[in-house]
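Listed after this line are the structures, all set down as structure tokens.
Below, subunit A partners subunit B and then partners subunit C, in two separate complexes.
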Partner chain A sequence: MKKTMLIAALALLGTAQAAPMIATNGYVRFFSVTKMENIEGVCQTAVSSLDLETGKIAIKSRNTTFVFPDKLMQEHFNENYMESDKYPVSSFSGTVSGFDRDALDQGKKVAAVIDGDLDVHGITKHYHTQGSLLKAADGAVAGETLFHVKISDHGIKVPSILTATIADSMELTARFTWRPTGKAK
Partner chain B sequence: MKIQAILLALLPLAAFGDDLDSVLAVSAPANEPVEATFKTIRVVESQSVETTHEGELNGTISHRFGQFSTGVDDLWGLDFASMRIGLDYGFTEWLDLGVERSQEEGKPVDLWGKFRVLRQTTSGNIPLSVTWYSAGYVLTETSEGLGYSLPLDRRLSSTNQLIMARKFNEDLSLQVAPTLVTRQLRPYNGDGEVAMGVGFSGRYKLSQRFAITGETTPMFYGVSHTWDPACAVGVDIETGGHVFQLYVGNNTYLTDDRMYTQTKTGPHTALDLNTLAFGFNITRGWAL
Partner chain C sequence: MKKRILPLLLLGGAIAGTMAILTSCGDSIESLTGSNQVVTDASGRVEFSQVQPILNQKCMPCHADDNYNDSAILAQGVSTFVTAVSSGAMPAPGAAPLSAVQKATLLSWLQSLAPSAAPPQPIVDAAGRVEFSQVVLITREKCAICHGSYTDSAKLSSSAASVENAVQIGYMPLDGSAPLTPVEKATLVTWLNQEQGL
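After this line comes the complex of A and B, so read on.
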């Protein structure tokens, strides 16, 4: 498995073309508040690619890597809601646009518009939201966004007995730091 | 780990376009411990391979009722309820310690421990989970209450199991548990201080929150011919915080040492309808 990945990585090295930036150890958090209970899951191993030229962005995270303060909640998250056996990965694919490229290159924090499809629990839904980008001296670009996702939009059912503890609307926060790949300018 | 680190260092050099799968495979390898082989620490009446998560307190209340054959006068056994209350705490992800008190003959109190030895992984490089379970029982009812004198050294018993389970898929989990029971107080001369058997159990999920379960524990050593294997079939109903386990079994014991070695059913078969009885467990976890 590891060997094949190494070969795959090397093979990709050979065919590298226009190189998007890559982020590993990306932070994705969702948070739900009700009077009864707060629910918080944090993933710190999400990955992303971002091409500043075309604005194309892609994000993937493995559902089982979301960590909860309450382990039983984590078990229920994977078993009962996300069905992580069936749908192991959540992903986002879209574009980042509307940002001031010159200001970004000068090291200013710029606002950006994010458009794309979020695939969670096997159901894809289009989102349009805002975020920000900030370029560091070493060329790494940090970005973050916060928006709300209705879990019912993604076919995640909460039994009526639990609607008091699990909100339909989840606050989703994502933070990534993309680093230039070998061929980026 | 080292190879992963090297790969992580190499990965940014490569171009991936939209295909992030190989990056994800390194950043978050798909090899985790398998969770929720069973919904609670018990399959039905017997212990499952599961332990309570680290830092969580788990409470279990169990009821066993009388045999259905008691008929309408005793509401098919519901008049004879015996109850067990139990608490256990997950000290780590691999150590779970519990205490229980059962309202049945002799008023047994037990301390038990479960130690995870192996955990099945999603990648399959560890194919099954293994947990050691030991419970030590002491009968706490006074000699006055019992109606006869019983010194401490005759009040002790224990159940020990090497529980091996595999979650075959999201729905099906099967478990085998070599079992060793020791007891000082024995009903018949033919019953040994040590009894051995093997427990077989499983669950099949019919929906997200509903599963059917079953178990049987035939004993092959140290029990006289009088006794039958304990059997039970039930359902698991999960509501989020609580798990309800409703079942029908061929005995009315709450303590597993007696259940395995002193189940007595009808003259013909271990599943004689007249000796079946209803029971339930309710479990609830709290993160502390």
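After this line comes the complex of A and C, so read on.
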């Protein structure tokens, strides 16, 4: 009887969906190069969820948590370009697919396709890019990607006098380590 | 060995069948599993298709002549309906009450009809306060998967200001495909404000 109950409990557990994994100290960096000046902002507190079963991924960062080498640059970033009072959060929502799950589970670094919507400055644009995933022995999954974002696509206007110092195309790097939450949906 | 396996297979089949039946029956799965979730579209809005079964089940028995399963009719008196449902005046005493998720679904849909005229109202008790049980319904679905302890009032209360900020600016919930409905947001923020003495 006990065995039957145990099997029944396991059968019910099997019907619950696995929970997504969570990352709370995600690294997001944007970087632009011009002849005059490099611009670099880094956030190390982005949050993300990744569901390896469905491939669903979500990322959010507070714009005010991007740190710049120059304090004045950081102020301009929030006040003049991102308008962080009005648009406090940037987000990405989409899917990670096309990766070899077996190889990932064996601890190999695998390539992945990332598709989704990036919402920056209140304007959402679809992106299709590449990335990689690597699973550690403790079950944590590290992922990274690098792609380019045109700030004009997100309605961020740069005065013509400053186009020599601020490039329209920004290199965006993201690195996350997702860990299982141990909770079911 | 075969004799042992057969009952287990039958049991497995029975469980799978039960789950399938529950999945196809909203009220049953809600009452039996405790699942409480307002179903929304990608933009966080409740569609009329989610509301119509509630209206048919809980309103139409008395209000068939008023056509209270017609969205256009309801749109003409949003604030009246919001007051009646949120205060618990309707369904009338003696009639089958709305479940918490039905109430939240109906209020979310009603308030989406005229957001500028009727700002989202929290679900409150007779004294006008949000009970923690309402907050649990929200946090269990939208927060607990990452913040398990947010179904604990003391834990949530201790970080009320930061949670409120995260909710207000849309930083949380993380999953953009399951945002807080306007009513859920109003309910959660009102409770967090209560905890901060605001």
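Here, the second predicted complex is superposed on the first by the 164 of 185 C-alpha atoms of A that agree within 3 Å, B and C clash if a C-alpha of one lies under 4 Å from a C-alpha of the other, contacts with A are read in each partner's own complex, and residues count from 1 in each chain.
Following the convention adopted for this analysis, a residue touches a chain if its C-beta (ideal position, glycine included) is under 8 Å from a C-beta of that chain, and two chains touch if they have at least 3 such contacts.
Treat the numbers as computed from the prediction; the structure is a model and nothing was measured.
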item: Subunit B versus subunit C as contact partner of A:78, first or second or both or neither; value: first
item: First, second, both or neither for A:60, with subunit B first and subunit C second; value: both
item: Touching partner for A:181 - first (subunit B), second (subunit C), both, neither; value: both
item: Partner chain in contact with A:88 - subunit B first, subunit C second, else both or neither; value: both
item: Which superposed partner A:137 touches (first subunit B, second subunit C, both, neither); value: neither
item: Greater subunit A contact set [subunit C / subunit B]; value: B
item: Partner chain(s) touched by A:162 [first = subunit B, second = subunit C, both, neither]; value: first
item: Touching both subunit B and subunit C, residues of subunit A; value: 8, 12, 15, 19-20, 22, 47-49, 56, 58, 60, 62, 88-89, 91, 93, 181, 183
item: Interface residues, subunit B side, partner subunit A - complex; value: 3-4, 6-8, 10-18, 20-28, 30, 32, 35-36, 53-56, 93, 122-123, 169-170, 208-209, 238-240, 285, 287
item: Subunit B partner contacts - residues on subunit A that touch it in the complex; value: 1-2, 5-6, 8-10, 12-13, 15-20, 22, 24-25, 43, 45-49, 56, 58-62, 64-65, 69-76, 78-80, 83, 85-86, 88-89, 91, 93, 157, 159, 161-162, 165, 179-183
item: In the complex with subunit A, residue positions of subunit C that touch it; value: 7-8, 11-12, 15-16, 19, 144-146, 148, 169-172, 174-177
item: Footprint of subunit C on subunit A - complex, ascending; value: 4, 7-8, 11-12, 15, 19-20, 22, 47-49, 56, 58, 60, 62, 88-89, 91, 93, 181, 183, 185
